[in-house]
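Several structures are given next for inspection.
First chain A sits with chain B, and in the next complex the same chain sits with chain C.
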Partner chain A sequence: MPNRIANNRGQIFSTDLIFAVSVFLLLLAFVWYSWDDLNYEMDRKMELSEMKQRALDISDALAMASGSPDNWALDPEGANSIGLVTLPRQLSDEKWSALAGMDYKDQKGLLGVGRFDFWLAVKSGGAVLNSTGLEPAGDFRVGIERAVIRNGEAQMLSLVLWEDYKSSFMTYDYYRGNK
Partner chain B sequence: MMKPINSKGAIFAMDAMMAIIVVFLVIITARTQMAGTSLDYGDSAYAQKIGGDIVAVLDETGVLATLDESAIEGNISALLPASYQMWAEIESYTTNLTLIQNITAGSEPADDKSVVSSRRIFVSGDGYIERYNIIRFKVWAK
Partner chain C sequence: MSRNTKGQIAIEGFTTLAVILFLYATLVFMTYSRDAQLGEKTALMDRRDACLAVQSSVSSVLASGNGTVFEFGLSSKDTAYISGNRAYVGVENAYACSLPAAVPDVNITSGTIRVSNLNGGVRVENA
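Moving on, here comes the complex of A and B:
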C-alpha cells in the first residue's frame, strides 16, 4: 500500500506538471511571437517614418530651393546641393536636365537619400513627362508629390524613396523567413 | 495538512496569470497605439505642404484670380495626391472690404479626421486690384 500511494502520487504529479508546463510553453510561445511581431511592426514603422521625413526634406530642397551654387546646372560636377527651381515651385528645365544627366550614384549623393533608392518624375495629369533615378521595386516605399509650375503650367514633382528588402536589414526575418 | 500546499499552488497560478495579463495588456496597448489613425508628424507636415503648394501654384498661375468655382475645384483635384483630400473656401472682398462672393471647393472633412489648415491672401483684377481675397483650406488623409 505505501508503495502504491507513492507511485500514484508521482504519476498525478507528473501529469499535472506536464499539463502545466505545456500550457506555460504555449502561452510563452504566443507571447514571444506577439512580442516579436510587435518589434517587427515598430521597426517597419520607424523605418517608414525616417523615409517620410527624408523624402519631405529632399522634396523641399528640390521644389523650394535653387541649390548651391544657384547656377549649379552650368557645372553639375561642382554642385554642393541640388535644387530644381529658380524661384520656389518654379521648375527649371535646365536644372532638371542637369540632374537627369548625372550618374545615379552622384544623384544619390547630392540628394542625400542615404541608403534608400529614389525615383523622381515630373507628371502632368497623371502622365509621366520626365523621370530619373531607379523605378521602385517592392512595396517598401514612400511617395511625395509637390505641385510646381513649369513653363507656366501646373505640374507635379513626384519623388519616391524606396528600399529593396533584399539588401536591407529587413531582408530576412528570423521568425518568418524571406519577405 | 493538504490545504497549505493547494493554497500555495493557487498563489503561483494567480501570479503567473497576472504576469501574462500584464504582458498581454502591454502588447495590446502598444498595438493599439501603433494602429492609431491620427496623422503623425510626417503626415501632417506633408499635408501642410500639399495645401500650401497647391494654393501657391493656383495663385501664381492665375487660376485663383479667376474666382471660377469649377476651374478651382478641377485644378485642386488634378494637383492633389490620391491619398489626400482638400477643402477650400474663398471669400472675395471689394477694395472697401465688402464681402461680395463666397466660393467653396470640395466637401468638408468628417469630424474624426486629423486635419491641417491654413490660409493665403491674394488679389485679383484686370490690370489693377479689384478684389482682396482670402482662401482658407483644409487638407487631410483619406
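Moving on, here comes the complex of A and C:
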C-alpha cells in the first residue's frame, strides 16, 4: 500500500504532465499573440479609415464653403466654422491669412481634426506656395487634394491629416518596438 | 491502471485544446468579417476622393480660362469614367459626381492626370 501511494504521487509530476502543460501554454501563448497582432492591425485600419473620412469632409468644406459667418476672416475669434473660399473653389487670400495667423490649437478646433494633426498647403505645379499647421511626421497619414482658383490661376489645396501612431498606442509599442 | 489514467488526461487535454482553437477560430472569423466591412467603406471613400478630385480640377480649369493646363495625382485603384454627354464622372459604377461642362469621353487610371482648357474645350487625360 505505501508503495502504491508513492507510485500515484509520482504520476502527478510525470513527464507526460509537464509535456502536456508545456504544449497547452505554448498554444495559449500563440493564440494570445496572434489575436493581439490581429487587433493591432484592425486598430490601424480603423484609425486610417476615420482619418480619411475626416480629411475628405474637411477638404471639401474648405474648398466649397465660405465658413460661418461668411466673413469670419474679419473676426477669426468669433468664427464658428471655417471655409477658405468666397465662392465654391475661389480661394480667398484674406481667409487663408486669417487661418494661417491663428494659434495651432485654435486651427485644429475650427477645422475639426479631432485628435489628429494637420498640415494644409496651397501648391502650384508641385511647389508649395503657402502652408500652415504641422508638417507630417511618420507615414501614418492621409492626404487629400482639391483644385481651387486663386487670383485666376488653378492651384491645389492640399490637406494632410496625420498622427504619431506609435505614441498614441504606447502599450503596443512596448510589445513591438519599432513596428 | 496507469494506462487508463494516461488515456483520460489525453482526452481531457484534446477537449481543452479543441475548445481553445474553436474560440480562437471564431474570433479570427469575426475579425476578418469586420475587416471586409472596413475594406468596403475605405473603397467607397477612395472612389469619392477620385471623383471629387476630377470634378474640382475640371471646375477650376474651366474657371481659370482658355490656355490653362493643370496636373494632379490620382491614386485610386479604380478606373474613372468621364461621360461627356451626360457631364459626369463615375468611378467603377459605385460613385458619381457631376461636371460643370461637357468633356470628351475618357477612361482615366491612377497616375498623373492632365486637365486642360484649350480652344474653348476642357479635356481630361492620363499624362
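Just so we're on the same page, the second predicted complex is superposed on the first by the 154 of 179 C-alpha atoms of A that agree within 3 Å, B and C clash if a C-alpha of one lies under 4 Å from a C-alpha of the other, contacts with A are read in each partner's own complex, and residues count from 1 in each chain.
FYI, a residue touches a chain if its C-beta (ideal position, glycine included) is under 8 Å from a C-beta of that chain, and two chains touch if they have at least 3 such contacts.
Small disclaimer: the values here were computed from a predicted structure and weren't measured.
Chain B and chain C, once both complexes are superposed via chain A, clash.
Which of chain B and chain C touches more residues of chain A is settled by the count: it is C. Touch criterion not met for A:74: it reaches neither chain B nor chain C.
By the touch criterion defined above, A:46 reaches chain C but does not reach chain B. By the document's definition of touching, of the two partners only chain C reaches A:17; chain B does not.
Shared-chain residue A:29: touches no atom of chain B or chain C. In the superposition on chain A, contact of A:129 is made with neither chain B nor chain C. Overlaid on A, the two complexes show chain B and chain C touching the same residues of chain A, namely 24, 27, 31, 34-35, 38, 42, 45, 49, 52-53, 56, 60, 63, 88-89, 125, 144-149, 152-154, 156. Those residues of chain C lying in contact with chain A across their complex are 2, 5-6, 9, 13, 16-17, 20-21, 24, 27-28, 31, 34-35, 38, 41-42, 45, 48-49, 52-53, 56-57, 59-61, 63-65, 68, 70-73, 115.
Against chain C, the residues of chain A that register as touching in their complex are 11, 16-17, 20, 23-24, 27-28, 31, 34-35, 38-39, 42, 45-46, 48-49, 52-53, 56, 60, 63, 88-90, 125, 144-149, 152-156. Chain B meets chain A in the complex at residues 16, 20, 23-24, 27, 30-31, 34, 40-43, 45-46, 49-50, 53-54, 56-58, 60-61, 63, 75, 78-79, 81.
Residue ranges on chain A touching chain B, taken from their complex, read 24, 27, 31, 34-35, 38, 41-42, 45, 49, 52-53, 56, 59-60, 63, 88-89, 125, 143-149, 152-154, 156.
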